[in-house]
Structure formats: structure tokens, C-alpha cells
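Think of it as A, B and C in the order they're written, each chain with its own count starting at 1.
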Amino acid sequence: MNKPERVYFFGTCLIDLLYPKAGLAGMALIKRQGVKVIYPANQSCCGQPAFNSGYRQEALAVARAQLNCFPKDYPIVVPSGSCAGMVKHHWPELFAGQPDESQAIAAAERTYELTEFLVDVLELQLKDLGQPTKIAIHTSCSARREMGVADRIDSLIAQLSNVQVVEQAHKTECCGFGGTFSIKQPDISGAMVEAKCDALLASGAESVISQDCGCLMNIGGALEHQQRDLPTRHVAEFLLQRTTGEDE
Amino acid sequence: MSSARDNILQRLRANQVDLEQPDQSTPPLEVLSAEQRIARFTECQKAVHGEVHTLPAHQWIDWLAEELPKRGLHQVLTGTGETGNQLVAKNIESTIFHQYDQPIESWKPELFSQIDVAITGSRCGIAETGTLVLIPDRDEPRLMSLVPPVHIALLDGTKLYQSFAEVIEKEQWADGLPTNVLLISGPSKTADIEQTLAYGIHGPKQLITLLLK
Amino acid sequence: MNQYQAFYQRIDKALHNDQLRRNFRSAMDGIRERRLAQFPDDQELQALRYQTKGIRNKSLSRQAELLERLETKLTENGIQVHWAETPLQANALIHEILEAEEATSVVKGKSMVSEETDLNHYLEQRGIEVIESDLGEYILQMAQEPPSHIIVPAIHKNRFEVAELFQKFHPEQPYTNDVDELTGCARQVLRKKFAYADAGISGVNFAVAETGTLCLVENEGNGRLSTTAPRIHIAITGIEKVVEKLSDVPPLLEILTKSATGQPITTYFNMISRPRQPGEKDGPEQVHLVLLDNGRSRIRNDEELVDTLRCIRCGSCMNHCPVYVHVGGHAYGTTYPGPIGILLEPQRLGIDKVGSLTSACTLCGACGEVCPVRIPLPKLINRLRADAVDAKPGENGVPGTGALRSRSEAVIWKLWQSIYASPRLYRSFKFLATRLRRIKPPLSNGWTRYRPIPTPASRSLSELARQEGYDDE
């Protein structure tokens, strides 16, 4: 796909309420490339929490409310692997047989995860202005397996000359968030995130980045709970900060 | 006919499904030469703790005459076919031959406790996986390659196929199979304790292939 | 105690057993690495996965016809075929065969279907001695535990625990915790059983309709012994194991052994087509095949869930499952653990009995990625979650559909819907949440045991985006 004139930004409910800086950073990265970014005011959530809990009617109602937010055929960019995966891979399933099925499929087809869009469509070139640092990348399971875009975040970070990436043990294993899984199976989720935190701490990284705020809320929250000092950040914020030279 | 049978078949017919059957072609294998097949077979067997000796065809019996006593394999089980008869006729030092000439019921305890090694032929081999293909019969029964602690198999080097699929095709197995067909790729093993490999849990601890050129 | 409470108790027990968790972690890491080493070329792997999916789909699409052909061919070959709709029927059939032949001792090769039917207990209660001969299964028989993995059943035990069991049950053997010596000890003990057993019972990996052949995959040789040394061999398998042609077998075998244990092929691939023929000197005089349905024909009802039946029981899904690796197989409390268990067991036993299993999944997709026959496990597990809370269960669905619907949960999701589907309400909700961000709801759910409740930002992204001048349409 060629560079579009305009894109829709689907911020996701988690970023809207808890991590707006990550959303703003993602929008800034796109805008900087001369693309007009539209943030539809009425958007809320892709429907994933209910969908993954078995409440499909409720998920459908919420997903349907989003369809009206993205009426034109601009690409939809989502700063989250799991929400992008919900739109791209599960909306067609969720809307199957509904009167607005074709609209949902059309939306799914023009949906991109943020790093995917930055690499594949914008062919983003980055110049690192930051101090030398060591980071670990936690790629979300949805970005890795459902969206198949795990290598995009790697290639973006690889452009940053002062950033050394260290690899944590069991890198591809789930952090234990899983949406309502963390509520329904809190102890398994707790065991999983503890193991993930241990691996990240042992890697020698000075900070952790991810394309998903769900994972970051889980990992960052657990690190905070354990009173361990390892900052976590969304990849968009990290990229913006490295390339503008601004301090955190 | 049983009602369970009819009920099951009826339910299967009532619940017809027509599932996607994607294109079944996989990339063709790189064709190996005869020499490469032997090398591949040997490499695969070694990787699973098997022993392979490549010999000129006429030397197998001399090899055994030398190696059996050396390895302390005295109680030797042979079949009643050509290979077995030749062996039994050969006078090998400190070796006692037992031919499998009686049904198992009459000597089961001896087979399970007294035999040191069994020597059999094989139908063919598979290079890709380092596999011996045995078709046990009246002359070389099924338990020969299984119960004694050592199994020595003769393999005709010209009958080394590349893959299992090729064996099925070339040997025309689809037309019908005998009582038992065995693919043997190494000695008996287990990893049931701590994923640690241990050999000879039930079958032979050692598998020796005499690959005859 | 409801099923969730029982499930939580088993999970709690597993999570507090550090030794068990270390055992699983190291075992699963090893298996994953060995599997990966067998598939150096991803394109070839994907081609093979498509091919084997096609073979299994062909088998399922023509299952009735293929089962009838299998029966005809086996019967021609002299193998007796029996059909069972339920576990109890299967057990009774097997007992009848043994009784008619006055068989009082049985050696068993590994069979998950016989675990499904709890065959050992059934026969033992009727005075028949049953010895598991797979080393892992034998260890578990001594420990009186079910398998915790479908391929490596005693993976949760380390060698010291195994050594203790051998010492307790075989005091005549010298104590050892060396794996080689323990294996040697098992060989001695089990040889005697093989030499005298009247009957052998085994599972089946593939049943070939074309030639009437039962195929068994194994490394130890106990499967071969069980099916060769005794005078009677009884094989038990699920009806979905039938394949059409012999040429269907090589790709299935290859992807099975590579996926299961990371081996290019197992030590033995045993193809049985007949009982002992005149003049043959060993092998069983009778061979029987028991075909068990146990819900399988019903699972075909559903055009999505039918994919469950493609499974070739390699165990790769559990090997790669991040939940399984932390809690192990026993926590699931069902015959089949891990992702395939989460998918299969509620369909087999009912959502009202074991539907809570579906909660033990993060939908991370690791299982679906490695499944050799491309079962979309995460998608189907998520589908079962929908069935579990279905407000209006239909008649032909998964048994127990709707059984896990709770009023309070349903109300929460309705409330969620009304907020998130209404821009006006959502805006008000966000306004309150951001302005009152320091006020934390008094939640005491599991989340807060491991993490704080997240604090909303002082302004939402939608507010900030407007401030920064981004257009809103």
C-alpha cells in the first residue's frame, strides 16, 4: 500500500483511559510523516473483553458502535496487537450473518497494528538521538501470532543506534494477562507474570517496551507490586522520545 | 450386528461434514544417490544410538564369527530361513545357537531370560530416518527383534529406499499387508524419567545393522 | 463444591508445589527445543501441516464409509471388530473377551482411550490383574495417579520420586536413583509380566481402512510386547482414528513424532494386520479392535467444533501452553489436559461438568501455532466460552451449554455494553474516571493480589487528541 493522505487512529479503551501518552505518541509518529491523523471522538472499544469472555452479543453491540466511527475507507491504525487482532480477525466472525457484516469485513481489511503500519506503509526511517541504553522487547501474543507482526517492532528498534536489545528467557511466552483471564484465573496469571518479570529483570534490560498496553499494565503493575525498578513503556512513546531527543 | 455399531454409523451419517481438504502436495525430496542413502542411513542410526557396519555381502558371517565371542554374546537366536541355517552350520567358538523352530508357547521363559542376541534379516531400509523394515514370518518370528538384549539385522544395501512413502509405493503395500510389518529405528528407549534417555527399557539395548554392499 | 472451586483447589495445589513446577518447566523447555530442531524449514513445516490437515479432514468427512471399510478389511484379515458407544460398553466388551478366554492377567501398552474409559479399574474390580507396561504409566500405576501428560505421562515426577516408588514396590531390587539403573530395574520387573500375561491391551495411532491395519507408534517396545507376546491382543481406539489409505500414514507419522517428542521417527512403528497365521510361531491367536465413540459422533454436529476431531494426540499443544507449564496436567482434573483438554473435555463430558476449564487459557495462540493438523484451538476454546454462558441454549449444542451463565456476570457485561456502546455515556464515564482518578474502587479480586489497580490518566486520549488539534472525523 502507498502512503495514504489520511488515517483513522483507533486508540483503544485501555490507552484512552490509562495510557493516553502512548496514543498521542503513536499519532505523532504518523503525523510526522505527513499523514493526517483523525481521532474519531465517539470511539470506545473493539469489543474484545466481552468477546473473549463469551458474551458475544454484548461484544457485537460495542463493536458495531465503532463501525460508525470509521465511515471512510482510510486505513485504521491501532496501537495494540490484540485490539488490531480483534478487528482484523474476529470482527468478521463476530459480524457473520449481520446486516453490517460487509462493513465490518471492510474495516478489518484496512486495519493495521501501529508498528506494522509504521514499517510496511510509512517505511519509517529513524535516527536515534538518545543516550545509550539496554532494553528488552516484550511482543504481545496477539502481535506475534494473530497479527504476525513481531518482526516490525524489532526492525524499528534495530534502527536505533544507541539502543541495545537484550533477550529475556522464554521471550515468546505469554505474560499471563489474557484480559479477563487475569481475573478468572488470578493465581495462574500471577504465576505467569511473576515468571515474566523474573526473566525481564534477569535480562539486564534497563527498560521494557511492548506494542500492547494490556501486557504493559500486567507486567508494569506486577513490577510495581513487587517494588522492583524496571520501567515499562509503549513502543510509540519510546520511539518518539528516542527520535526527538527529549528526556522522559 | 450390534446396535452400538448401527447407532454410531447412523449418527455419523446424520452428521455429514464436508471439511476442507487443502492441496496435498509437499515439496519433493532431494533425490539421494545410493552412496548418499547409505551415508544418511548410517548417520541417522548413529544419532539414535544404533551401530552400523558396512561390509561386503559375503563377509557378514565372518564378521559375526569374530564379533559374537568378542562381545560375549554366546546364546544366539537365529531364524529357520537361509540366514539362520547358514549361521547354525558355521562353527563359531563358544557360541550356542538356538533356532526359533518352535511356537513361542513352548519356550517363552527361555526366550525372555536366556538369549543374548538375535540375528535376523530385513526386508529393506529407509535412508531418511535410518529405519530397518522387517516383515517377520514363519522363519523369523516377531519376537526375535524384540526380546533379546541385542538385535543384529542384515540389510541389503541395494534395498535402501529414501522414504517410508517410497517403501509403501514400491513394495506395493496397499495391495495387502502380512501379519506384522515393523519399522525399527534404533534400540528400544525411554525418556519417561526426567526426559533422560535410557536404552533397552523393553526391547534390545543394542541394535546393530550389518549393511551389506 | 462447584466445578470452579474444585478447579481452583487443584490449581492452588499445583502452584504451591515448586518441585512440580520445576519439573514441568524443564521438561517442556526440552521438548519445545527438540521439536523446533526437527522443523528447520518453516515453509516445509507449513506444507506438511496443510497436508496432514487435509488427510485428517478427508478421514472425518468420510468417516462412516471408512469405518465400514475398515471393519470389512479387518474382518477379512481375521481381526474381530467391536463397537462401543460409551466407556462402560467398551470396558464390558473387553471384559467379556477376557472372560471367554479365561484370561486373568493383562499387560497394557499406553492408551489414552483406555484412560477415558477407566479400563484398569473396571478390570481390576473383576479380578483381572492389569499391568501398565509403558515406563511412565507403570510409575503412575505404582503411585496410583493418572497421567499428567498424554505422551510423557509421568513427567511431573523426578527420578528421586521414581526411585522411592521402586523401593516401596520392589524392595528386592537395590535402591537407585540413577535413570539408567531405574530403567534396568523396570525391565527386569516387567519382563516377568510379559512372559506370563494372557492378554495384551493397546491403543492405536492410525487404523488404515485400505489394508485393515492397526498402526502403533512407540519407543520402548512395550507396545510391541503387549501386542505380540500374549495369546490375545485387544486394541481400543476412538472412531476418529481411521484413515483411508496406507499412503496417508507417512505424513501423519512424520508430523506426529516430530511434533510430539522431536524425533524424526520413533524407535518402533508397528503395523498389525492379522492374528497369528498357520505356521507362524508367535503373535496373538486373537486380535480384537474396540472402536469407541464416547461423544465423538456428536461432536461432528457442529461445523466449527468438528475440527477438534482432527487431533492426532501429539501433546504439542500442552508442551507449548504457558498455563500448562505452570500448573501441569493434574490441575485440569480431566483425562486430557492442556489446550486439547480444554477443548475436548467440555464437549465430551459437558460444560456443566468441566466447562470451567475454558477459563484456564490466555488465548495466546501458542497451541494453535504448533498444532500439526492446524486445529484452531484458541478460536474454538473461545467459542466454548460463548457456549458456556449462552443465554438461550439450543437443543443440539454442546452438552451443558449455558450452564456457567451467572446473573451477576451477565449484568456486568450488559452494563459494560451500555457504557461502551453509547458515546455519551462513555464520555461521562471517562470524565468521572479521570477527574476522580485517585479514588480506587474497593476491589479485592485476584488482580490486586499481584498488581495495583491501575490509575486512570488525568485526561483521556480523546480529550488530549482534541487539545492537540487532531480532527475528530
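Everything below uses one rule, namely that a residue touches a chain if its C-beta (ideal position, glycine included) is under 8 Å from a C-beta of that chain, and two chains touch if they have at least 3 such contacts.
Predicted, not measured: the structure shown is a model, and the values here were computed from it.
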Whose Cα centre is nearest the centre of all Cα atoms in view? C
Can you name the chain that lies farthest from subunit A, using the mean of each chain's Cα atoms as its centre? B
Length of the line joining the C-alpha centres of subunit A and subunit C, rounded to whole Å: 33
Counting only Cα atoms for the centres, state how far subunit A is from subunit B in Å. 54
Interface hub residues of subunit C, defined as touching at least two other chains: none
Residues on subunit A engaged by subunit C in the complex (per definition of touch): 9, 11, 13, 15-21, 23-24, 27, 36-45, 47, 49-56, 58, 61-62, 64-65, 93, 141-142, 144-146, 172-174, 176-179, 181-195, 217-218, 221-222, 224-225
Looking at the complex, which residues from subunit C come into contact with subunit B? 23, 26-27, 30-31, 43-44, 47-48, 50-51, 53-55, 57-58, 60-61, 63-64, 67-68, 82-85, 89, 133-136, 139, 152-155, 157-159, 162, 179-180, 182-184, 186-187, 190-192, 194-196, 210-211, 213, 219-222, 224-225, 228-229, 231, 239, 245-247, 249-251, 253-254, 261, 264-277, 279-283, 291, 293, 297-298, 300-301, 303, 306-307
Using the touch definition from the top, list the residues of subunit B that touch subunit C in their complex. 2, 4-5, 7-9, 11-13, 15, 17-27, 44, 48, 100-105, 108-109, 112-113, 128-129, 131, 137-138, 141-143, 146-147, 163-165, 168-169, 173-174, 176-196, 198-204
Residues of subunit C touching subunit A in the complex: 8, 11-12, 15, 21, 322-323, 325-327, 359-366, 368-369, 379, 382, 385-390, 409-410, 413-414, 416-417, 419-423, 426, 430, 433-434, 445-447, 449-452, 454-457, 459-466, 468, 470-473
